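First the structure, which I've put down as C-alpha cells, then a few questions once you've had a look.
The first chain written gets the first letter, and so on, giving A, B, C and D; residue counts start at 1 in each chain.
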Amino acid sequence: MDDPDYRPGKVFAVTIQVLVVVSLIAYTLTTLPGLSSETRAKLYFLEAVTIVIFTVEYILRLIMAPKKIRFIFSFYGLVDLIAIIPFYIFSGLDLVALRLFRILRLARVLKLFKYSSAIQRFRSALSMVKEELIIFGFVASILVYLAAVGIYYFEHPVQPEAFQSIVHSLWWAMITITTVGYGDVVPITMGGRVFTFFVLVVALGVIAIPTGLISSALARVRSMSSRQDEMHDSVREE
Amino acid sequence: MDDPDYRPGKVFAVTIQVLVVVSLIAYTLTTLPGLSSETRAKLYFLEAVTIVIFTVEYILRLIMAPKKIRFIFSFYGLVDLIAIIPFYIFSGLDLVALRLFRILRLARVLKLFKYSSAIQRFRSALSMVKEELIIFGFVASILVYLAAVGIYYFEHPVQPEAFQSIVHSLWWAMITITTVGYGDVVPITMGGRVFTFFVLVVALGVIAIPTGLISSALARVRSMSSRQDEMHDSVREE
Amino acid sequence: MDDPDYRPGKVFAVTIQVLVVVSLIAYTLTTLPGLSSETRAKLYFLEAVTIVIFTVEYILRLIMAPKKIRFIFSFYGLVDLIAIIPFYIFSGLDLVALRLFRILRLARVLKLFKYSSAIQRFRSALSMVKEELIIFGFVASILVYLAAVGIYYFEHPVQPEAFQSIVHSLWWAMITITTVGYGDVVPITMGGRVFTFFVLVVALGVIAIPTGLISSALARVRSMSSRQDEMHDSVREE
Amino acid sequence: MDDPDYRPGKVFAVTIQVLVVVSLIAYTLTTLPGLSSETRAKLYFLEAVTIVIFTVEYILRLIMAPKKIRFIFSFYGLVDLIAIIPFYIFSGLDLVALRLFRILRLARVLKLFKYSSAIQRFRSALSMVKEELIIFGFVASILVYLAAVGIYYFEHPVQPEAFQSIVHSLWWAMITITTVGYGDVVPITMGGRVFTFFVLVVALGVIAIPTGLISSALARVRSMSSRQDEMHDSVREE
C-alpha cells in the first residue's frame, strides 16, 4: 500500500496527505468567531467525512499488516489511532472538554512526514552537527539565564511589575536574544541599557552558531555526495 | 535590438531600464497626499511620455519580430502590452478604478530582469537547493501552524480579542517566528510565554536553514566554477 | 577525582553539575514575589544543602591537591571559594545586601564548563577567526556610533526626550542594528527614516559577517579533521 | 613615521588612534543635557588639546612628505585637514551652526582604518562577491518597493495616517523585511496581514543571501590561502 513505485499506492498516499491538510483547515476554521450554524454544520460534516476515511484506512492497514499487534503498538499505528479516537469518544460531550482533547488531532501532521524521503539529506546533516547543537543549546541557555539575572538586578527596583522576578525576566531575555523584540518589556535604566548592549554583542555571536553549523554541515554533505558521484563515474568509465 | 555586443542595443536597453525606474518613481509620487495640481500635472506628463516611449518600443519590437503572433503571446510580449494598455483604456475613467488597475503597471519591474545576465549564477545555486527549499517551506509552515494552534489555546481565554481564532493566531506565529516581533499581539499568560520559549528555540534552528542552504550552494557553485577554470588552464598549458 | 576514564570520578562530576543547576534554580525561584514563608524555608534548606556539599567538595579538592597554595589561587580554586563564601558570611545580614552579593554565586555556572571536552572543536574554530571577529567588532562599533550620531541630528529637535543626547541615541542604534526593534524609541522625521534606511542596508551586511565567519571556520575545521581521518586511514591501509 | 616595523612609528600610530577615540568620546559627552559649565569647560579643553595634537601631526606629515601638494590633496591629507579645520573656523560662531559642521569631525573615524592591515582579507572576500551583492541590492530594493506598493493598497483605506502614500509605506516595508519590527506601523486588515505573510516568506530567503555570500566567499578565501601555504610547504620540502 505504501510502496512508492506502485502507482495506486502513490495516488493513495497523496490523497491521504491532502485529506490531512483539508481536515486541519476545517479544524482551524471552526475556531473562527461568529460562524453561522450552517457553516459550522458543513465544517462538522467535512470533519466527519475525513475521520471516516481515516478510520477505513486504519482498518485496511490493520487487516493487511502481517503482525497485527505489532502494528497497533508501532509509532504510526498509535498516531493513526490517536488521530481518529477523539472524534468517536468526545463528540457527545460539551465543547470545552472537546477543545482541549482536539489538540491530539494535530498528531495527523506527523502523517505528512510518513511518506517523505527527501528529508533524509537534512537528517544526515543534522546528525553530523548533533553534538555541536547540544553545546550551542547549553551556551545559549546560560546566556539567556545570565541576561535574565542581570536585567533583574538593574530593572527590578524601577520596574517591579515588568521584571517581577528572575523567572519573569527570562521572558525579556529570550525575546531580546532571539532579536524578536516585542517591546512589551524594555529596560529603561542606564545600567540596564548598557547591560543589554553587552548581552546583544554576545548574543549576535551565539545566534550565528546554528546558521554556521547548518551551512557547514550542508556544504560537507553536498561535497561528500558529489565526490561519491565522481567515484561512481570513474568506476563506470573504467 | 537586444544584442548586448551591439553598442546602440546596449544604450537602448539601459535607456529603457532608466525609463522604467523613472515611471515607477512618478507612480510612487502620485500617491503622496497634498500634491499641488501643478505637480500632479507634471507627474501625469512624465507618465504619458514614458508610456508613449514604451508604446513605440513595443511597436518596433513587433515590426522587427520574425514571428509576430508568437511575440505577442510570448512572456515579455504580454508583459510589455500589460505595462502600456491600462494607461490608454483607464485614463478616462474615475481615479479609484484607475488605482486598482495601476497595480498591473508594476509588471514593468519584470522588464528590469529582461536584459540581466549575471543573475545566472544565483539561478544555478537556487536550482541546486530547490528540493531542500521546498522541504524547508513545508517544515516552516507546520511550525507556524503548530505555534498558532498552541498560542490559541494558551492566550484565547485571556486575550479573546487578539487571539480570536487559530486563523488570527497565525499572524502572531508568523511575526514571532520570523523574529520581526511588532509587539501588537503578545502572549501574557505564563503558559503562553513558556510555549513561545520553545517555539523560538525550534524557530531559531528552522530560520537558519535557508541561510545555510544558500551559503552551502553558493560555496559549491564557486568551487565548481573555479575547478573548471583550473581545468581550462591546464588544458591550455598542455 | 576529575579523571573522566575513572567511573566514580565521572559520576561525581555529573552529580556536582546537577547540584549546580539545582542551586541555580533555587536561587532563581527565591526572587519570585508572593512566596509563602514555608516555600521560602524549603528553598533556603535546598540552598544550604548544596552549599554544604560544595564546601565538602572544596575541602576534599584542597586535601587531594599536591600543591595546596597553588590550588587555592588557581582559577577554579578561586571560583569554588567565591561560590561558597557569600553564604557563610552574609546569611546573617539583611536581605538587600545579600541580594547584591548573591550575583557572585553565578560563578558556579563556570563550573559547568570545567568538565566539558566537546567544546574544544568550537574553540579551534573561534581561534581561527579571532582576528576577523576583532575587526568585525571594530566595524560594528563604528557603525553603531555613526548611526547614533546621525539619528541624534535628525530626531533630537523633534523628539528631545527620546533622543536626549548621542549617548541616549546609542540605545536606539544598538536595538535597530541588531534588528531587535523594541519600538520604544522610533524615528518619526522623514530625514531620520531615510537615514535609518541606509543604516539598515549597511547593518544587514555587517550583521551577516559573524555568521559567515563562523560557518566558514566550522566548514574548514570539519574538512581538515576529515582529511586527517583519510590520511590515518591510508596509513593504516598501507 | 607610518612604518609598522619601526617601533616609535607604531607607538605614534597607536597614540593617535587612542586620541581619535578620546576626542570622539568627548564630542559624544558634550551632547548630554544638564552638564555643569565646569564639565563643559573640561570637555572643551580636552577637545582643544586633541585638536592641537592633530594639527601638529598634520604639519609634521606635511613637512616629511616628499611631494607636498600631492599630500594635501591625497585622501588622508584631506581627511586630516577636514578633522581639524572646523575647530579653528567655527569655534567663535554660535552653537547651532557649530553642531551641524561638527559632523565633519567624524571623518576622524576614517583615520582608525589608516594603519590597519588585517582588513585586507575581508576586502578580497568582498571583491569576490561584489557583483552578487549588487544583484542582491537590486532584488532587495524591488522586494521592498513591491511590499510598500502592496501594503499601501491594503492598509491605506483603513489607516490613512500610517500608510499615507507609497513613500510612507516604504518605511513599513524596510522595517518589516529587515525583521526589525518596531511595531509603530502595523497592518490591521486581513488582506494586509496575508500580504505581509507572503512578503516575509520571500524576505526570509532574500535576507539570507548576504550571509550566504559572505560565508561562501570567506570559506573560499580561507581554502585558497591554505592551499597556497601547502604549495609553499611542498616547495620548501623539495
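We adopt the following convention: contacts are C-beta pairs under 8 Å (C-beta built on N, C-alpha and C of every residue); 3 or more make two chains touch, one makes a residue touch a chain.
Just so it is clear, the structure is predicted and the values come from calculations on it, not from any experiment.
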Distance-maximising chain from chain B - centres being C-alpha averages: C
Same-residue or different-residue interface between chain A and chain C, half as cut-off: different
For chain A paired with chain C, centre-to-centre distance based on mean C-alpha positions, whole Å: 28
Chain centre separation (chain B, chain C; CA means) in Å: 39
Chain A residues counted as touching two or more neighbouring chains: 179-183, 211-213, 215-217, 219, 223
Interface residues, chain A side, partner chain C - complex: 131-132, 135, 138, 142, 145-146, 149, 152-153, 164-167, 176, 179-183, 186, 193, 196-197, 200-201, 203-205, 208-209, 211-213, 215-217, 219-220, 223
Contact footprint of chain D on chain B as seen in their complex: 24, 27-29, 31-33, 99-100, 103, 106, 109, 112, 116, 118-119, 121-122, 133, 137, 170-171, 174-175, 178-184, 207, 210-211, 213-219, 222-223, 226
Complex contact set, residues of chain D against chain A: 179-183, 211-212, 215, 219
